[in-house]
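A single structure is presented below for examination.
A, B, C and D are the chain letters, set down in written order, and residue numbers restart from 1 in every chain.
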Amino acid sequence: MPASYAYLGPEGTFTEVALRTLPEAATRELIPYVSVQSALDAVRNGEAEAAFVPIENSVEGGVTTTLDELVAGKPLMIYREVLLSITFALLVRPGTKLSEIKTVTAHPVAQPQVRNWLRAHLPDALWESAASNADGARLVQEGRYDAAFAGEFAAERYGLEALETGIHDAENAQTRFVLVGRPARPAAPTGADKTSVVLWQNDDHPGGLRDLLGEFATRGINLMLLQSRPTGAGIGNYCFCIDAEGHISDRRVAEALMGLKRICRQVRFLGSYPRADVEPGETVGPTLPGTSDEEFVAASDWVARCQDGRF
Amino acid sequence: MPASYAYLGPEGTFTEVALRTLPEAATRELIPYVSVQSALDAVRNGEAEAAFVPIENSVEGGVTTTLDELVAGKPLMIYREVLLSITFALLVRPGTKLSEIKTVTAHPVAQPQVRNWLRAHLPDALWESAASNADGARLVQEGRYDAAFAGEFAAERYGLEALETGIHDAENAQTRFVLVGRPARPAAPTGADKTSVVLWQNDDHPGGLRDLLGEFATRGINLMLLQSRPTGAGIGNYCFCIDAEGHISDRRVAEALMGLKRICRQVRFLGSYPRADVEPGETVGPTLPGTSDEEFVAASDWVARCQDGRF
Amino acid sequence: MPASYAYLGPEGTFTEVALRTLPEAATRELIPYVSVQSALDAVRNGEAEAAFVPIENSVEGGVTTTLDELVAGKPLMIYREVLLSITFALLVRPGTKLSEIKTVTAHPVAQPQVRNWLRAHLPDALWESAASNADGARLVQEGRYDAAFAGEFAAERYGLEALETGIHDAENAQTRFVLVGRPARPAAPTGADKTSVVLWQNDDHPGGLRDLLGEFATRGINLMLLQSRPTGAGIGNYCFCIDAEGHISDRRVAEALMGLKRICRQVRFLGSYPRADVEPGETVGPTLPGTSDEEFVAASDWVARCQDGRF
Amino acid sequence: MPASYAYLGPEGTFTEVALRTLPEAATRELIPYVSVQSALDAVRNGEAEAAFVPIENSVEGGVTTTLDELVAGKPLMIYREVLLSITFALLVRPGTKLSEIKTVTAHPVAQPQVRNWLRAHLPDALWESAASNADGARLVQEGRYDAAFAGEFAAERYGLEALETGIHDAENAQTRFVLVGRPARPAAPTGADKTSVVLWQNDDHPGGLRDLLGEFATRGINLMLLQSRPTGAGIGNYCFCIDAEGHISDRRVAEALMGLKRICRQVRFLGSYPRADVEPGETVGPTLPGTSDEEFVAASDWVARCQDGRF
């Protein structure tokens, strides 16, 4: 059986484009799934080696479907991340003019990214959501809608033409994708890594969350994402998805995770993996004095010598 | 002109039901709007006195559309909140049997709340999103889909029948709604209030967020919501929507807000209003020693006496 | 009645020399007292306008007699501080040779400051304590001891000669003196001031002292002295004498003191006064962002506007 | 050579009484030394196995001579502590009446402990300091002073009688003594231990000391002593002698010490030893959730499993 990667389909979406930037994707069979849930289930039940799904974007924040799937159920682990700049093309059937567009479609996540453009250029067009941007393009092809926002690369596949390209409300619009697999030994640290965890507070008291964040802060660990997600125990009950600087094999990160494990009701480790926002080869070391591996090792040695009476 | 409240329509949704629990709603004209954005715009441009929109639910967390609208643009203020327990009915055209249902619809927010039920009872049904739960019911009425998840109260309006009621994946499924108006003097404290703010960090350094939360924690102020939202400045850039215990006229809350104002790049005040999760008349005082209004006043008096040499 | 300053006598000590550096000393009658206690009692009972006593030195740390007197009893206030570099002369009766010295004396506080010199030059000399350095010189004059450590200025008064000068074990040996009076409005801030307080913790729990210091730290206030003193309630029970940067009329200092007042069992204000270690005219502003008076005022104004609905 | 303990002499002081409460003292030769410094030097140069000296008392706080000796020079280690309740007797030559006492003497440390008694009963008596309380008794025997404050046990040795006993200004007056030896493996934990360290801050910034104390606080470790001592680098430069709950072999203590080692310029370990204020057999466990050895071990195991991909 050839190793396969599941991904959030259909074909022709930004997800597929992002996935193909991974060298290892060239050697796998890439299989589209209809939802994040089904793609991750394929990993959980052994159908796929890993799944590739969006997890964060610069306009909508954390992708809650993905986060909720990672937070609950059989443990999974993030192996890799990919950053992709997102700009939309307005795809129409060949010959359609802007003035003829009455209905537009795309995945709901696209909407806030094209909202201003729509207001300025198609203020009266009716928006309807599609299951994916590619599916929106297909529906345009079938004549159900007049135009779809999608990646320019989708035009060819669906016999459409791009009436406009480079549409994005926000500068630097990016989506972050992750390759998710079953628990395994994390990839070796590269010097510029990221660690993802989910934290459930032990109880709810003033300062509880502050103390959790203190486990990172006192060890000089920057946070890159803090996304609260409902625990399902009723309104106001949240767990926290956190992306932190560093690798679980870094002493400062390991000690922070131990601290969290001790004071949290539950901690779920979601993986340590190379940062996609740093050039390969570049390293991002700890900047707070006293938090390098060398200093941790020296301190640990010193305590051991004191325990032995050799000081 | 009669005073009017805008609300997220269409008619016959949970939002309308929640709005009608407010006594003041009886004396206003209630006008449905097609989106949170348009409802809030109606307030901003003076068309409506206030707007009533969902802001948080126990399954999906913060309602990002609403939060994003409050975070940016002309300042608005939360006047009131309402909590509503949410259970769905499966609405069909009279006579439809469960086994005949091939397609189901509802607002995307409903999906995670009925996901398990769907898996168990209609594993093969195709889900398509509707603009609202009421709109989904309408589309069933029109024959476009076989069934819609919506509030039971929507059945009559659309000539449907409830094949099943009380559907909810999570126990205690609730949605929190807010009545939003233009900036005004907040309602007087009731003894059980909540204060909403948005915080933008000054810069990104280890411990930055921990220090922001410390302004609440050191004054014994519990947090009820912490929802990160992208600032639009690129992936990884977030502001934080926070609901905190207490009223801006409480000394401890006022001092915490002052502290945040001093160390944040920006703070947006979103209002102080009575908590809907506490019975009217019940009070929820500060529990940390040294954080009552009396203690703040006594400390302030003492410092003034020291400054005057009278100690 | 001419205004008078009490000081720790006898005449001819470092204390008197330090006192005479104060311009206002020229217009007062300067009266030596036999002990710190009696000098401060003279202030408390109205005999003297103020008292001048040592409070800290670079070799012995806080002068516990002075601190204990300020901590308890009728409230007093520090008006001014003076820093004096301390070097000792070895005073002998004229003609005495180093080799003839069998006994040396001085105030006990002098001992650690000349200990190394003694070990090197007079390893066999017997040390006996004197009530003051000047008294030691007097006892040498009377023939009771062979040599006394004292300020060189004491030689003439007691008909002695300095066999050696410039004796000091530690570089930068300095003593800090304070002018102490009855509670009054503190001197106006100079831009480089210091505030002294005594803190009694509310109870003894892990982190208690850390939290007290947090009131200073979160407002960017440096500490210059932290000296624990027994409360008298049994071993292990301490209060804390603290010298902090800034003036009680600085917003950040006032708010820190309010915070301490709220969480401590007791706080005693000991005064705000110009720093002697900073050149007159030089200012030492807050360095932590968000802690200047302007930022405090702006934050306070903002909260007031929010409370009024004008934002 | 029989093993010997040096102690702060002369014979007949509270120090000797306290030392004799140690069972092991019965099997050693006990040798009085004239000063804390000389007793500790005897240990450092191998003359004595250990030295017994006072380190803290309930009236004067930390005994600075002892602390300064432990802070500097060749490393030493505290093996044991002893608590002794201190009350004084007023010793006179047989037949002396209270009204005949013109001069009194004792070690300077005794003075604050009898100050109020003196004011009430011998307001006109002249105080002169003695090198030790026992030495004061000897000087009374020799007729140099009329009365000495000393332990009642000293009366017999010097042929004096106790005119009054049980003199102590403060209730619960106690002195804490320590048995100090060369570095060695600390005694096994008893369940109620104490760890002593000296900390030198890395630099002087707002919050520096707060952060040091945070290493203890976040691990639920109570402090029993915090005594600042001058570093010798000039006024305002202090190191901190700290006694903390727990044993260096406790995980929470070891991790706190590692944290301090990483962020301090220097840390000196002074030993882990049984608490004298807790009954033998009684244990004083960690009270903060998440700080027991079991929880540390479990957290460490969990991180190791995550590092291995077994979670």
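Rule of thumb we're sticking to: a contact is a pair of C-beta atoms (placed from the backbone, for glycine too) under 8 Å apart; a residue touches a chain by one contact, two chains touch by 3 or more.
Just so you know, these numbers come straight off a predicted model, no measurement behind them.
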Those chains which touch chain C and also touch chain B: none
Distance from chain D to chain A - Cα centre to Cα centre, in angstrom: 57
Chain centre separation (chain C, chain D; CA means) in Å: 25
CA centroid of chain B to CA centroid of chain D, Å: 59
Chain B, residues touching no fewer than two other chains: 211, 214, 218
Pairwise touch network: line, ring, star, complete, or other: ring
Which chain pairs touch, all of them: A-B, A-D, B-C, C-D
Complex contacts: residues of chain D adjacent to chain C: 56-62, 64, 68, 83, 108, 112, 128-129, 131, 170-172, 174-176, 204-207, 209-211, 213-214, 216-230, 232-238, 245, 277, 287-288
Chain A contact footprint on chain D (complex, rising order): 75, 77, 183-186, 202, 211, 214, 218, 248-249, 254-255, 257-259, 261-263, 267, 269, 289-291, 295-296, 298-300, 302-303, 306-311
